[in-house]
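Every chain is named by a letter (A, B, C and D) in the order it is written, and numbering of its residues begins at 1.
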Amino acid sequence: MSGSVYGTMFKIATWGESHGAGIGVVIDGCPAGLLLDEQVVQDFLNRRKPGQTMYSSPRKEDDKVSILSGVFEGRTTGTPISLVVFNENQRSGDYTQIASCYRPGHADYTFDQKYGFRDYRGGGRSSARETIGRVAAGAVASAILRELGIKVHAYTKSIGPITIDSQNADIANTSLSPLSMPDLEASKKAEEYLFDQMKDHNSVGGVIECIVTGMPAGIGEPVFDKLDASLAKAIMSIGAIKGIEIGDGFHAATVTGADNNDPFIYDTDLGLRKTSNHAGGILGGISDGADIILRAAVKPTPSIFRPQNTVNKDNENVEIRIQGRHDPIVVPRAVVVVESMVAITLVDQLFMGMTSQIGRIRDFYSR
Amino acid sequence: MSGSVYGTMFKIATWGESHGAGIGVVIDGCPAGLLLDEQVVQDFLNRRKPGQTMYSSPRKEDDKVSILSGVFEGRTTGTPISLVVFNENQRSGDYTQIASCYRPGHADYTFDQKYGFRDYRGGGRSSARETIGRVAAGAVASAILRELGIKVHAYTKSIGPITIDSQNADIANTSLSPLSMPDLEASKKAEEYLFDQMKDHNSVGGVIECIVTGMPAGIGEPVFDKLDASLAKAIMSIGAIKGIEIGDGFHAATVTGADNNDPFIYDTDLGLRKTSNHAGGILGGISDGADIILRAAVKPTPSIFRPQNTVNKDNENVEIRIQGRHDPIVVPRAVVVVESMVAITLVDQLFMGMTSQIGRIRDFYSR
Amino acid sequence: MSGSVYGTMFKIATWGESHGAGIGVVIDGCPAGLLLDEQVVQDFLNRRKPGQTMYSSPRKEDDKVSILSGVFEGRTTGTPISLVVFNENQRSGDYTQIASCYRPGHADYTFDQKYGFRDYRGGGRSSARETIGRVAAGAVASAILRELGIKVHAYTKSIGPITIDSQNADIANTSLSPLSMPDLEASKKAEEYLFDQMKDHNSVGGVIECIVTGMPAGIGEPVFDKLDASLAKAIMSIGAIKGIEIGDGFHAATVTGADNNDPFIYDTDLGLRKTSNHAGGILGGISDGADIILRAAVKPTPSIFRPQNTVNKDNENVEIRIQGRHDPIVVPRAVVVVESMVAITLVDQLFMGMTSQIGRIRDFYSR
Amino acid sequence: MSGSVYGTMFKIATWGESHGAGIGVVIDGCPAGLLLDEQVVQDFLNRRKPGQTMYSSPRKEDDKVSILSGVFEGRTTGTPISLVVFNENQRSGDYTQIASCYRPGHADYTFDQKYGFRDYRGGGRSSARETIGRVAAGAVASAILRELGIKVHAYTKSIGPITIDSQNADIANTSLSPLSMPDLEASKKAEEYLFDQMKDHNSVGGVIECIVTGMPAGIGEPVFDKLDASLAKAIMSIGAIKGIEIGDGFHAATVTGADNNDPFIYDTDLGLRKTSNHAGGILGGISDGADIILRAAVKPTPSIFRPQNTVNKDNENVEIRIQGRHDPIVVPRAVVVVESMVAITLVDQLFMGMTSQIGRIRDFYSR
């Protein structure tokens, strides 16, 4: 089937394998007139590049993007934007073992079950490199959001057992932490923890938090295409994500209505707003004008440098020892992927929301 | 926009408001030849009916379903199935207050922002009665799954701070608990907790867990339409759900790869399987043959019988006192809604998965 | 699969069989604030009712519509509009023959091939009554177009060999002709021709022409969702339609570029326009501001009161004699169906067209 | 909006402009295991290349295709197939005139109305080069159809006033005619006619006919996604197509039911079939097992080498003289485009049709 196309009005189609010719995305539905050049996209892609810290794979890749269509004289034309990153630096490694064995925690077995065989080189389509297409499209979506005064900011909330202290956290510090943790003290501790796990040939997961500011109230569709439901799909579709929550999320399930309800208040300076934001900016699937807040749980990298028990294609029980270059943690590099999927989803919902009232449609067309 | 249609190959369109003529669903894409009568659907709907325990709204409704199309001589014809529950027992209450005020935790304000006005009677389209359409469709989806040997079972995992003990839990007991908790001891404690909160004019949330057995390996699309991503959207689209996790979910973010990976093993009796199931039955977005496990966080009912601060349509700060019939907890009644959305999503993905291999397509058409 | 849902932003889901409980449609994506009551829909439905002239089936049906959701205090709420016409007057006829035989020109054989069996009563889902859902939705779409100053008008262009003379045709006369032919002289001749064929137990087809006025330039998507492509699907999806053309259509294939090109001209009174309209108001899949003109070929009714050779379910060659009430021509009753499908498609494309330019989106949201 | 993505289960996303970096397509939903290499696609693309006869643009382009993803060891992997043709030989011509003027019969004016500006070089996205993406995808779709024993064959039926005589036509001769006319005598006459029009600085249109053999009965969805409706959209979405008809098409509108109905017959050798095929292989939107027959009307090329009246962006009435390299007729080169769009649509409908019967789904999954 066709699971690599996403979106209704702002639609993206991603393609590419880890060790194929390249990775790319076609964006269909980007409005005309948006300023866009390769640097805008490259800046986003650079944030997910490997080899930037000791906590990511030493695989050095430029991941240089080219715009193949949809931009003319520095502006989008309204027709599909094709973005591509050609692969370099694929080691022609020895894939004998991985070709025949099912790595625990990986999609090897499930791909074989689904498709009958798989491109086993570097994980093929299930490689983390698949997210290049998402991030390239996310850069374009973010440029659209910027025109509407909306900002999306994600960061690492926790790594293994170490969580940031919101008192100490300053979003401006995110880029100063090699782990994208805005609480630099927690970041230090997390580095130590991570270093210990690496020495132990182990890997670590964590939680990414994302905040959207400037979102107008009234965006989202009230039943199946709720704003939170659409965000949940977008985030959960990122490899390694095992959970997603909005606002107080799972904590809300433990408290009472009196504690969880956000009272409304009005004053002439700030207008109508809520005095708290347990809901995370969404009520009944529709944005309420407060910041949108969500969190995603990232599992520890399944590739660990320890012997593991598994089965091969001949149904023999074997021991596998994974070689090669692997991130001991994907959380910091996934931060920009979360931002991208959120941005793409918000643009789609903002576009869909333009037809909610006949009066506004009439105004639009009677200009 | 069009947010009340869900699914690709098994598609449902729901409609209806709390105090309108009725609530219904049109199912497009149900295969021909399935045994179906009104009782099959009614059995599902009866599980979400209010007024069955002291912990749900005393509103007594039969919620009797009629099949208006798509069934002939006891079998589905392959054409759209239209199911309807006509509303009865709508009290023609006094809606003056709710018509002009924004209830905290409700969608009143966001509907007004989106649509310019709203049907304020009983919550209109954002009423919990909206789920009737989902559950009616879920009954049909479950009948399809049964043909394929797949079962979906959900239950209450926790209510407020009280969680079932998996040692004490027996799924067979779920229907014996008025709160749908399969650990009857925990259920008792939860009843006491809930009773206290009700006396205090307060409300309570909880967590629903859902387990799918018999799911074949190889189902799910590897990028945006991952099986877990699709389930996340389906579940998060249910009103009051604030979080969703698969397998170990948020807990996985705190452990190491060595602890989280599920080893594969093969023996001639059981075939290839995993010796643990931290992944919750899904790897790389595709089912791995193990049970699918997910949990959903339900927020406490926002309608509480205490005075609350809010704002009215004239931007005046006012105190609201909600009247009427409201569930102090929606978790037990939402159990069958979760089952339904899971069943609908699985059918859709099973149908999409039929075209994964050219050889199987050729076999299908060369019969 | 799911072939009874149509549209992207303005979405309709139709359901119902000729001899089931009723026929209906759910409209998802109608903007809030539109004035709507049952009379608006009934007026459209009355135009397709049988039994109004001697040239349509004597089956007398009121086809009275009910609005079950989506309207509050006389205005649409933005949530799904459920419309239903309950069936009356289904004769409990003898279906023995039709149940086992494949009527030539009908969908009996193909339904059996697709679904394994069929609801044979009155054609089931392939009955012309299926169009009730389309026309009900078309009434709502037309109400939206009216708000935008756009009008859709269809009429009978030809019946069998008799074609209207555009010199004699006056659109205002359409409703004066029992055959919906705006050239009343041609209408007379067509009546005679039709009467002769009826006496001969035969049936007749024809051509419907549709003109859209007031369509703004710039609507339509340039590649697969071209305005003309979308209209072609919409029209061809009506039962009995065998061809569709835009502007000069098939005639354009016989002339030269010099004759077929429409020159542009500008004058201060009328602005930019074309001095001819061979293109039928669409260039490159996008409306050019001229009237949109299209024609649809309707085949003769396959139900004729003559013995015909066919095959039954046991693969025996048999002679079938169709009984019952059947229109000797469906063209006049299909006129409003064509209008409806055109209106639905235009609304969908107008809604999709709102996101073509970033500047206009920014204006929309910075109100 | 997003009009460059097509299909439900077999989905294609095309991109690219005439004078940009290249043209391409992403295919999402191609099953795994299909033999595919670049030559299979190249063979299709070569059929639409310009510069092959004196009747097509002298622009010489290799249009060499590369497969960037989705194929591993000679077989499709089930993940997206990215195909690209990089542009060469774009003359850096003088676009001053075309940049500011609206060419009659072209999409210049409508693009400007829709998007506010346009990539005017060589027609940008509305260039005939846009069809490269369709044809590349068509090659893959045709490879799938071949596995199922289905063949699609299109040819030129008429050019201007010259039509093939079905008595003289032999499909095997299609490739012998420079105009893809299977009646070589008519082809000669058409060449003479075309030559005269070229001398006269004029252009010519024509009709393409397409025949599908080997199509199983029972494919197509009975309401909006009828097989003929889907084909109509697919064909009409090709630039320059102004009409589409199935079977007897517009002719059917002029005859009686007795003449238009196709009787069924059964004999033990050939099974159940029809003794005629006025319906063109489709009844009630579903294939009936007979050959599918359709025709498309192609308008004459709008680019003619004569002075024409038009308007420029400053609303001045001007005379335009189109320069450069233009086909005097696009019909022969469009033949493979029609085949491609038909093949893509058939694959999509065949895939959707796999879920029509619960019994066949159960068999599929109980293997």
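Descriptive notes on the structure:
By our rule, a contact is a pair of C-beta atoms (placed from the backbone, for glycine too) under 8 Å apart; a residue touches a chain by one contact, two chains touch by 3 or more.
Note that the structure is predicted; figures quoted are calculated from it, not measured.
Looking at which of B-C and B-D shares more C-beta pairs in contact, the answer is the pair B-C.
Most remote from chain D, judged by the distance between CA-atom centroids, is B. Averaged Cα coordinates give chain A a centre that lies 26 Å from the centre of chain B.
Between chain B and chain C the centroid-to-centroid distance comes to 38 Å (mean Cα coordinates, whole Å).
Averaged C-alpha coordinates give centres for chain B and chain D that are 44 Å from one another.
Those residues of chain A in touch with two or more other chains are numbered 1-5, 8-10, 14, 29, 32-33, 78-79, 114-116, 125, 222-223, 352, 355-357, 359.
Within the complex formed with chain B, the residues of chain D that make contact are 8-10, 29, 31-34, 76, 78-79, 144, 147-149, 216, 222-223, 350-352, 354-362, 364-366.
Residues of chain D that touch chain A in their complex: 1-5, 7-11, 13-17, 20-24, 26, 28-29, 32-33, 66-70, 72, 75, 77-82, 84, 114-119, 124-125. By the touch criterion given at the top, residues 1-6, 8, 14, 102, 104-107, 109-111, 113-116, 125-126, 130, 158, 160-161, 197, 202-207, 217-226, 228-237, 239, 242-250, 252-266, 271-272, 274-275, 279-280, 282-289, 297-304, 306, 308-311, 315-317, 352-353, 355-357, 359 of chain B touch chain A in their complex.
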